[in-house]
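These are the structures in question, set out in turn.
Here come two complexes built around chain A, the first alongside chain B, the second alongside chain C.
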Partner chain A sequence: MSELGRLSLLLGFACSLFAVGSIAWGLRTGLSGPLRGGRRAVWAVCGLTVLAVILLERALLARDMSYRYVAEHTSKDLPLHYAFTSLWAGQEGSLLLWLLILSAYGSAFLFAYRKRLDPFYDAVAMVIAAVMVFFTGLLSFVSSPFRILATPPPDGMGLNPLLQDPGMMIHPPILYTGYVGFVVPFAFAMAVLLLNRSGTRWIEEVRRWTLFCWGFLGVGILLGARWAYIELGWGGYWGWDPVENASLMPWLVGTGFLHSVMIEQRRGMLKTWNITLIALTFLLSMFGTFLTRSGVLTSVHSFAESNIGPWFLGFILIAATAATALILYRKALLESENRMDAIVSREGSFLFNNVLFVALTFATFLGTTFPVLSEAVTGTKISVSAPFFNRVNVPIALTLLLLTGAGPVLSWKRVTASVLKRNFMLPAFLGVIAVLVALPFGATGVYPLVCIFGAAFVITTIVMEFARGIQARKSAETGALPGQVVSLVQKNKRRYGGYIVHAGMVVIFLGVLGSSVFQKEAHGPLRNGESLKLGPYALTLRGVTDHQRQNASLTTAIVDVQRDGKFVATEHPSKAFYSKSQQPMTEVALHTTPMEDLYLILGGVNEDGSASIQAYINPLVSFVWVGGLIMVFGTLIALSDRMRLRREEKPVP
Partner chain B sequence: MGNRVRLAVLSLVVIAAVGYLILTGVKQTGMQYMTVTELARLDHAPKAEGFRLDGVVAPGSVVYDQREPKLQFKMTDGKEKIAVVYDGLMPDAFADGREVVVEGAYRHGDRALYASKLVTKCPSKYEAKGLGKDKS
Partner chain C sequence: MRFLPAPLAFLVLISALLAGSAPLLAKEKDPAQEITSQLICPCSCGEVVSGCICETGMSMKAAVENGIKAGKSKQEIIGALVSQYGEVIRGAPKPEGFNLIVWIAPFAATLLGFAIAWLVLRRMVRRRSELATAAAGAGSPAARGTMPFPAVRGLEEDLDALRARAEKELRQMKQGREA
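Right, the complex of A and B next:
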């Protein structure tokens, strides 16, 4: 069976190569036969990859310990659903998942455009196939998931207990759906440059693909944060770890692109910039995969140092060089059609937004790779961690928050002073009110107050935008307010979907503010009946129990939680000992309310029978998750917008 | 033309501000990588405050007071040892002989690193080497 797996990947490699060559030939000669053949080869890669995944899954589910990958990542007592998801527990399987999603995108792309007989779409398929060549090659020759052990062990090493979590079952596929999907916008951009196409239609298609991937990547990042919050047991959800940064960077650049693309669509400006952002988003998602897999940086994920790093770096360099060369070569195609009229305008605010998103990405990139860079430049290895990112990124992010409020109320081209005054007075006034309300709750410092002001400002501008939209339509329609809001959103899904995404982001900002600045902590050893005070809470130990679970034994503290003297819940912070890994696993107890989380960690049981408990109050954490859901909702609305057909693209003579 | 100049000035201001943030950020929060041997063999107090150390938990050196919680151990790179003091819970994967990364302030007087961050590398793949060779 393992030979069949190897063979399918090898055939996938051959088909990808064939697809690139055949389409290139077809594009050169104008023959439709080679183009058709190339498209079929892309379909074939997808089929072969699915076969390889099925074969590896079969081995994982059967716990066939003769497979190295199975022996490294599963054990016989591992629950079936975790055996299934062990596909993405290690490097080889993760790469296979990458290829699976990549080839699925390839096929989805061909299916979506099956009725368009324009060689442009074949060129897009060719670029996707070129990326497939890399991954099928890597899986065939460098990092094969189908390695067979000379002497199969009686049982496997087991799955890392940190990965035995429901969140980890869905986090990687969703994150990869975002990451990998940026291949499609990249392929569109490269195809435009290769064929020297002008026109705006492709940019609308790219916007939709990007929005789709961007949404998935955002959800993936939040799921990762949620997993870290529940599983890593340090009371937080974001630590500026290299792996987290790796997923954030393409998201940031993608966000920048989703804004600046509007300027290109409205005014035919910033074409070079946009195409650069598309390429950068893809390159950064490849770089992210490289970071998490190469072992050049230390991280909580700390994957094994592996042999694929140089291959990834090589691929990124080739792709970056090709993209840069093409952009320079087709400079004439990317000529701007308009000039900017005024800085204080919608375009100006988007441009400023873009500069800030790129700056945020740059600072994150620099901080993440600083040990490597500083060693190369000065000879001493210097590393920066969370304090650096908080110092640099927080002010940039807050400026972006303020801009979120300013941008949508500035008009295109030029803004008059009276418009400025009319649009800004109320939001600014309510922002100041919000700050005054927050002061008695202990909000101090410039950043928290700016954040509160900005949040109120942005929400007010969004409400005003909705109100203005409804007012403008009032003469045409009457009815209840909710119905009017719905019909307004339906009228312009892109615009109002975008505002909903903004509202979600504001909610996330508030969640981050609350949980970072206002976190409270207490700890101590508790005997039976003793209490720990933390803010309004009293935590009383009621006892300690031991019991068995399928592949682990658990020690659990039973803690009664009182808030303001009233009993609210009994919580069970635990430590699990997995039989395979011989190491304890902290299992956090979480008491969630809309306004705050009570986060309980069992440090351990002492010789005298007392339990060491560490407790945090994390205010507004639920805002982070709820804000994420709002963003998903807004993204879905924006995506459901039917593609408006614009003038057809014509080849430049 | 006036707009182009204004745009350029605005961009320069942003770049300068971000550059300033990055430079001061590195200066104030940057931590120097050192090997245990380099740090242990210093004969005078180092100029830099923050350090980052990679090494292995010296077997038998771990003293853990769960009630505080306070974790003390010696870190080694095979040649020298450095004392590490960490006020916090012992990470799950922490044990004798495990690879750890610590960040914190070094006090030359105590010859100890007061860690503000302690990361334990996951051990699973080191054990995985015990699986032996591939069938050729």
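Right, the complex of A and C next:
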């Protein structure tokens, strides 16, 4: 069976190579045969990858310990669903998942454009196939999941306990769907440059693909944050860990692109910049995979470290060089069609917004890679972690928040003083009031106050935009307010979907503000019957019990929670000892209310029988998740928009 | 100010939200946590010490608490821990020497980006007004929109007339429907 798996990957490698060659030949000669052959080869890669995945899954589910991958990542006592998801627990399997999603994108792309005869789409498929060459090659020759052990061990080493969490069953596939998907916009951009295509039709198509992947990446990041919050047990959800940063970077650049693409669509400007952003997004998503898998940086995510680092770096370098060369070579194609009317305009604000997104990405990139750089230069090991990013990234992000408020109220082309006054007075006024209201509640410091001002400002501008839209349509339609809002959103899904995404982002900002600035902590050893005070809460230890689970033994503290003297709940923070890893794992107890989370960790049971309890109050954490849901909702609305091509080129016969 | 009610509602919401968590906001942050949140656990866990529950982290927390009890300053406590575990425990590198780069570069890049964006925008604006004057100088009426040439300008006037007619018809249709 393992030979069949290896063969399917090898055939996949051959098919991807064939696809690239055949389509290139077809594009050069104009023959339709090679183009058709190339497309079919892309389909074939997808089929072969599915076969390889099925074969590996079969081995994982059967715990066939003759496979090295199975022996390293599962054990016989591992629950069946975790055996299934251990496909992405290690490096080879993760790469296979990458390839699976990549080839699925390739096929989905071909399916979506099956009726288009334009060779442009073949060129896009060719670029996707070129990326497939890399991954099938890597899986065939460097990091094969189908390696066989000469003497199979009686049992496997087990799955990393951190990964034995329901969140881990969906976080990686969703994150990868975002990550990998950026291949498609990249392929579009490269195809445009390769074929010297003008026109803006492709940019609308790219916008939709990007929005789709961007949405998935965002959900993947939040799921990862949620997983870290529940599973890592350090009281927070975002630690500026290298791999968290790696997933954030393509998201940031992608967000920048989703904004500046509007300028290209409306005004035909910033073409070079947009193509650069697309390429950067893809390269950063490759870099993210590299960071996760290379072990260059220590991180909670570097579950498997190995020798594929140089290969990835090489591929990223080649792709970056090719993209840069193509952009420079086709400079004429990317000339702006229009000129700016005024700096203070929506176009202008988008450009500044892009600067901030890229700056934020740069700060994150520099901070993430700096320990390696610094150690190489100075010889001293240093850390660049949360305390750094909180000081550097937070002010940039807050500036971005303020700009989020400013952008939508500036009109396109040119802003008159009266428009500026009309649109800015009310939000600024309400922003100041929000700050004044917040002050007596103990909100101090520049950043929290700026955040509160920005949040009130942005929300006000969004509400004003909705109100103005409804006002403008009042003559045409009457009815209840909710109905009017719905019909307004339906009228321009992209715009109002975007505003809803902004609103979700503001909610996330408030959640981050609450849970980071106003977090409270208490810890201490508790004997039976003793209490720990934390804010309005009193935590009383009622006892410690031990019990057995399928592949782990648990020590659980029983803690009664009282708030303002009233009993609220009994919580069970635990420590789990997995039979295979023997390292203790924290199982957090969470008491969630809309306004705050009470977060309990059992540090351990001491020799005198007391339990070390660590407790946090994390205000407004639920806002982070709710904000994420609002963003997903807005993204779905924006995605549901039918293609409205404002500046469409002549259709190709 | 006819849109006032809705934003006011949001304001109330935001105030309510702040009021709801007011008891939590009232107190100052614990001084020990302020120090431990700046430190990284040197063992393999790599967590920020304030949230770390491994042995090394717990002993560092205890050291910080003892230091505070002994009346030591924040710098003294951190300094003692750094001499014990090395620079690696600082969550953010000390801004000196080579490590200054990581502190300065992000802000420098942001400012540089803003400056470049400003220059690019200004050049684009200027080029546009040059185009307009050139068109005006060539005898054509003052350029409108993006169409400086007379023939195209005529076309644009036609388009405007068409648009006006379409809008008028649309209004009539809607009125018909309402009636």
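The rule is short, and it goes like this: the second predicted complex is superposed on the first by the 630 of 653 C-alpha atoms of A that agree within 3 Å, B and C clash if a C-alpha of one lies under 4 Å from a C-alpha of the other, contacts with A are read in each partner's own complex, and residues count from 1 in each chain.
As a working rule, a contact is a pair of C-beta atoms (placed from the backbone, for glycine too) under 8 Å apart; a residue touches a chain by one contact, two chains touch by 3 or more.
Not measured: the values here are computed from a predicted model.
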Fit or clash - chain C, chain B, common chain A: clash
Partner chain(s) touched by A:443 [first = chain B, second = chain C, both, neither]: second
Touched partner set for A:366, first chain B, second chain C, both or neither: both
Chain B versus chain C as contact partner of A:269, first or second or both or neither: second
First, second, both or neither for A:380, with chain B first and chain C second: both
Which of chain B and chain C A:601 touches, first, second, both or neither: both
Which of chain B and chain C A:352 touches, first, second, both or neither: both
Touching partner for A:619 - first (chain B), second (chain C), both, neither: second
Per-residue touch tally on chain A - higher for chain B or for chain C: C
Chain B versus chain C as contact partner of A:236, first or second or both or neither: second
Which of chain B and chain C A:21 touches, first, second, both or neither: neither
Stretch in clash, chain C with chain B, out of 6-14, 24-32, 114-122 or 168-176: 114-122
Residues of chain A at both interfaces, chain B in one complex, chain C in the other: 233, 298-300, 339-343, 351-352, 355-356, 359, 362-363, 366-367, 370, 380-385, 387-388, 391-392, 396, 523, 586, 601, 603-604, 612, 614
Residue ranges of chain B touching chain A (in the complex, touch as defined): 3, 6-7, 10-11, 14-15, 18, 21-22, 24-26, 28-33, 52, 54, 66-67, 69, 89-90, 92-93, 95, 101, 103, 117, 119, 121-125, 127-128, 131-136
Chain B partner contacts - residues on chain A that touch it in the complex: 66, 68, 71-72, 147-151, 153, 157-158, 160-162, 233, 298-304, 339-343, 351-352, 355-356, 359, 362-363, 366-367, 370-371, 375, 380-385, 387-388, 391-392, 395-396, 523-525, 581, 583-586, 601, 603-604, 606, 610, 612, 614
Contact footprint of chain C on chain A as seen in their complex: 232-236, 239, 241, 269, 298-300, 336, 338-343, 347-348, 351-352, 354-356, 358-359, 362-363, 366-367, 370, 374, 377-378, 380-388, 391-393, 396, 426-427, 430, 433-434, 437-438, 441-443, 452, 455-456, 459-460, 463-464, 466-468, 476, 510, 514, 518, 520-521, 523, 535-536, 586, 595-596, 601, 603-604, 612, 614, 617, 619-620
Touching residues (chain side chain C, partner chain A) in the complex: 1-4, 6-8, 10-11, 14-15, 17-27, 30, 33, 37-38, 40, 44, 46-48, 50-53, 58, 61, 86-93, 97-99, 101-103, 105-107, 109-110, 113-114, 116-118, 120-122, 124-125, 127-128, 131, 146, 174
